[in-house]
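Two complexes follow with subunit A in common, the first pairing it with subunit B and the second with subunit C.
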Partner chain A sequence: MKTIKTLLCATAIAALSTTAFARDLVMNANTSDPAQKEAMENLIADFEAAYPEIDVKFNLYDHEAFKVALRNFLVSDAPDLITWNAGNRMKVFVDLGLFEDVSDVWASENLYEQMPAVVGASSVDGKQYGVPYAYYAWGFYYRKDLFEQAGITETPSTWEEFKEMGAQLNAADITPVTIGTKNLWPTAGWFDFLNLRVNGADFHADLMDGKIKYTDERVKKVFEIWEELVEADFFVENHPAYSFQEALPFMNQGKAAMYLLAPFIVSMFPDDVREQVEWFPFPIIDESVGIYEDAPTDSFHIPVNAKNKDDARLFLKFAAAAENQTKTAGTLDMLPPNINASVKDDRFAQGGFAQLSKADGIMQFYDRDTDPALAKVGMQGFQEFLQHPDRIDDILERIEVERARIYGAL
Partner chain B sequence: MFPRPIQESSKSRQLMYKVALPISLVIWLLPMIAIVATAGRSLHDINYGNYWGIPSEWAFLDNFGEVFSSSPILIYLLNSVIITVPSIFGALFLSTLAGAGLALYKFKGRFVIFALFIAGNFVPFQILMIPVRQLTLDLGIYDTYLAVILFQVAFQTGFCTFFMRNFIADLPFELVESARSEGVSEWKILIHVIIPLVRPALAALAVLQFTFIWNDFFWPLILIQSDELRPITLGLTTLKGQYISSFNLLAAGSLIAALPPVMMFFAMQRHFIAGLTLGASKG
Partner chain C sequence: MTDMTSYPVPPKPRHTTFYSRNKLVITPLLFIAPAFAMFSLFVIYPIIQSISLSFYEWQGIGPKKWVGFNNYDLLFKDPVFWKALVNNIYWLVLFLLAPVLGLIIALFLNQKVFGIRLVKSLFFFPFVVSQIVVGLVFTWFYDPAFGLIAALIEPLGLKLPSILASEDWATFGVIIAGLWPQTAYCMILYLTGLNSVNPEMIEAARLDGARGWRLLVNIVLPQLRAATFIAIVVTVIGALRSFDLVAIMTEGGPYNSSNVLAFYMYDNAIFRYRMGYAASIATILFLIMDVYIVWFLMRLLKNEKGSR
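== the complex of A and B ==
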């Protein structure tokens, strides 16, 4: 019995000794990709070098565990800083009153002029609730050597060219597109781009805000165009069985030629394959519609219940500075939101940057722009559609029920 | 009698058995084989989709080295021990007392109390997430080892009491009666008569509880935030990326995390199997 008591006492003392001191800055993050981890550790090390009196405690979670933990620690013993995403994902917590208004940081650092592309995504009702550290373009990562093998010399810029290219690849016995839909979200990239290219950004934004029915003819049009690809065997078989990462070997093995994805994929190409990989933006479908792109934005936020908000604001200012943005985004293979920062000299970052620079507008991403519950049902629908395009009316009906439940009948 | 020794059955049956056994064994062990094979693979192979073939290079040492250098896995292991060991002692201590009480004394409502302990096992503990978190906050022990230990003890005691009560009820009651007639105090009966007899049960429970608590992911996730307090189950997830996972490192880390329960099992194997069947036979 005595041993139990001593053990309990010992643990209680150990627990007490870890209680935070005045200049501790606690940061909880979901940035557990190898590159993300490195970027955060470097940023924190630089911050601690600049402010030696502050000790940053960095608690890393994997994304799924973070989603559970976040909802717990935000309302209880909140950290001083967290990583999260701009757009609707942020708005959910802002609406619950859990994220701190950091408009003062935006004003004092003049971020409105330094980060024009991400003001909208960081704002709810004109106030800013986070400071972005990186954003990135989506596009097709493709293998040059496989394209050449199929006799394709130029990357497609129109829909007709894109379909033609697919036919050529199929003729050469190469699956045009690899996709793993087990995680659902890779399907949403396709839907976003098709809808943006066919119906434009205003329509897409209204759809994301629940102001348009999913059974609308214009939404159906998107799936008709998508179906052209499904019918033409554009996608690898059995894609619901693969996570996005597990679908990548098809490309590395030379069985599939491209992947609609984001820069975090680049580090997963083995060296010999990476030499062959290039990037092109999603082709134009309707000339009369402007170029709109998905550019998800990752940012830092301060929980309302944080204890050390002053030092957290110091960190936000530090992370927003051009030179630190250059470094962080560079390590991540992503783009710095600060226009005075420089984009990494690499073909993917530069290509994405050029595309976003000429874009008429940017969206976040399907599951960041719309309500999370609707996003889940929507993406399940997209996955089913890719397997059974003939069921599209039922699928849209089902998504519409969920939309009506969340946003009300129209 | 069942099962009949295989030697007594016909030749063809014996042959079928000899063919089917290794096959089912391999299928049964496939997940384990996959983890071991992945732990010895380079990320290069995984990116190429070489999951089952011969690895292009054996990377066991690299992967394990990388796990130790890229994450504070020794601290996570130590934290797991700090959480698991007191939890087991706490749960065994309480459940031995409760089990003896329920088995040895004929008082009113004892069946109801026993039923309550059993019923507790049927409550999905996830639904307690928010109240438990709130309770630890109010007690001021949120984000400490103590929070996790207390709740592991609380939740495991129900099952342990069920187990211990049945085991103690199975002992010959005459032992207790004769001790009582000698004038031995109840406390001494427990310590000198009951405890030595229930040792196998305690050992079996200790092994079982060790695996339960060691492998638990949920309560540490809810009750612990600080990296330096995390047990191995939580620590391992940091090897899993938001988008990209190094499956080879994850597999290597999982093997390291799985070793202590396996060693514990082998150390106590004899008691474990004896204890399991003994406790289960009396309802």
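== the complex of A and C ==
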């Protein structure tokens, strides 16, 4: 009996001493793509080097699995830190009271002045609930050599030029645009940009918040403009059969010239193709409408049920610092939200940065800005529209039913 | 530690104990109890729980809101639900080809020649591979730009329609992929069934002049009744559970044209955070399966009575 007691005491002391010396910081992340994984591991290594007494336990999840797991671990066994997205996706959990208010971190590090572009996306009712580590621009990734082959010397900046460019590419037997719609969300990039260019950001934000009917004439106008492209054979055939990566070979094989997407596509091109790839922003449709862009923002959050919130705050401060933002965003091929950080010296990051600096306002992305159930029905509608533009009235009617179910009749 | 020894010794029963009087009732109950407890905890309780969940609006976390039959009301007005239900019926009907094809292959393979064991195992192979792999392989087969079928028929001047991108063909494309492993499974069931066919009966039938089709229908098939029953049971269950192939090949698309109830339920629960709505789909699926389960149980009871 005595020996047992001694043993118990010894283990208890050992346990106490380890907690005293090494402070565990548990982090659950969805950064599973190769570049994302590397960026996160580097950031953690740097953090541990700066704070040797803190031991970061890093749990990596696949993107979709994370969406499911998040809802479980936030209520049952919360980690100290998570990666997630700013905007409506964050607001869902803030409204449920599951994300910690980190306005104190914003105030103490003066992030309001250092990260002006992402304050809005990180705030709910004037309080901040996360610290962004990267954001990125959407735009056209195109093959310069194919453009030259079709006799195109300049990238289009107006809608007329854009359509003209498509006609030239089609004449040269190159499909202008590749898109894989099996995952649905690539279609939403098109809708977002067309709606932002035609109706502006205020209208778009209201639509995302369910304050405008999908059967509104202004929404129909967007699809009329989109239909011009569908009718002019802008898009590859059979796109519902391909995931977003599976649509890339069309570009790699020179059958299609461009893809409306985000920087994570860059590392997926084979080296010889990537050399030919350049970037241009979505063209202007209506001169009187400002330049609004999609710029999805990825950020760190502290769950309300976290155990080690002090060290989690240390991590947020560390991740917000300019030099760490430079490094992380650089590895990700994305942009650092901190204005004192430097943007990677590469044509995609610089191009996206220049465009966002010009922007009159930014949105997150269709499936980050609106209700997830509505986003799904909406994107299925966009996919069907691309196959059957004549069904647009039915499609909008169906999306409107879902909008009305979620946000109430208007 | 000492109080254990002071356990009172029960007096020896003079006549009978309660247990020995009711032995015939209690013993079976005791044997059933562990299984029943497990079954209640892991099968019956979740069923009741998900049926009750279907009367709530709930996003997986946070408060639940009682909505009565509202989920069912929405469900019956949801065109995707009806589309998925119709697709489930396609699955059910077309999947019954699996026992037929399985029987044909089994009859063909049921011969004693050199190397037949290898051939049999090759035919069984698709059932061993994971459904996910089957789905991926067929997706690549069907690919209209880079796929094998396209490459084979292009020299003939034919153009493959994109099966998985077409609202008319996607479901059938997925069902064909599902039939491949299911046929292999039915084949194995029939092969084992054929092993137990009484050779004397065949011989007697032959002597009486039966051959070919008549021999098969009147002599062989009746002896394969048990195998047929099992083959149909697993096939119907397989058709109603169809989920993995849909998830991997089309995700229910294009725009829900290849959706089935099981996948639509998953989609609502996991990606749209509509747990109550998903539970109402699960309940409907459960009711559909009940029809079939009742038929199955009645068959089973009848068979057992017959064998007594």
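Criterion: the second predicted complex is superposed on the first by the 388 of 410 C-alpha atoms of A that agree within 3 Å, B and C clash if a C-alpha of one lies under 4 Å from a C-alpha of the other, contacts with A are read in each partner's own complex, and residues count from 1 in each chain.
Methods note: contacts are C-beta pairs under 8 Å (C-beta built on N, C-alpha and C of every residue); 3 or more make two chains touch, one makes a residue touch a chain.
This is a predicted model, so every value here is computed, not measured.
In the superposed model, A:Leu207 lies in contact with neither subunit B nor subunit C.
Once the two complexes are laid over each other on the shared chain, residue contacts for A:Leu74 go to subunit C alone; subunit B is not touched.
Within the superposed three-chain model, A:Asn59 lies in touch with subunit B and out of touch with subunit C [touch as defined at top].
Comparing subunit B with subunit C, the partner in contact with more residues of subunit A is B.
Contacts of A:Thr31 after superposition: subunit B is touched, whereas subunit C is not reached. By the touch criterion defined above, A:Asn252 reaches subunit B but does not reach subunit C.
In the superposition on chain A, A:Arg405 makes contact with subunit C only, while subunit B stays out of contact range. After overlaying the two complexes on the shared chain, residue contacts for A:Ala241 are found with subunit C alone; subunit B is out of touch. When the two structures are aligned on the shared chain, A:Met334 is found in touch with neither subunit B nor subunit C. Common to the subunit B and subunit C interfaces on subunit A are residues 68, 249-250. Those residues of subunit A that touch subunit B in the complex are listed here as 1, 3-4, 7-8, 11-12, 14-16, 18, 26, 28, 30-34, 36-37, 57-63, 65, 68-69, 72-73, 76-77, 79, 244-246, 248-250, 252-253, 262, 264-265, 267-270. Here subunit C touches subunit A in the complex through residues 60-62, 74, 79, 139, 142-146, 162-165, 167, 250-251, 253-256, 267-268, 270-274, going by the rule given at the top.
Contact residues on subunit A toward subunit C in their complex (touch as defined above): 67-68, 71, 74-75, 96, 98, 181-184, 237-241, 249-250, 255, 372-373, 376, 380-381, 383-384, 387, 398, 405.
By the touch criterion given at the top, residues 44, 47-49, 82, 85-86, 89-90, 93, 129-130, 133-134, 137, 141-147, 149, 221-222, 225-229, 234, 237-246 of subunit B touch subunit A in their complex.
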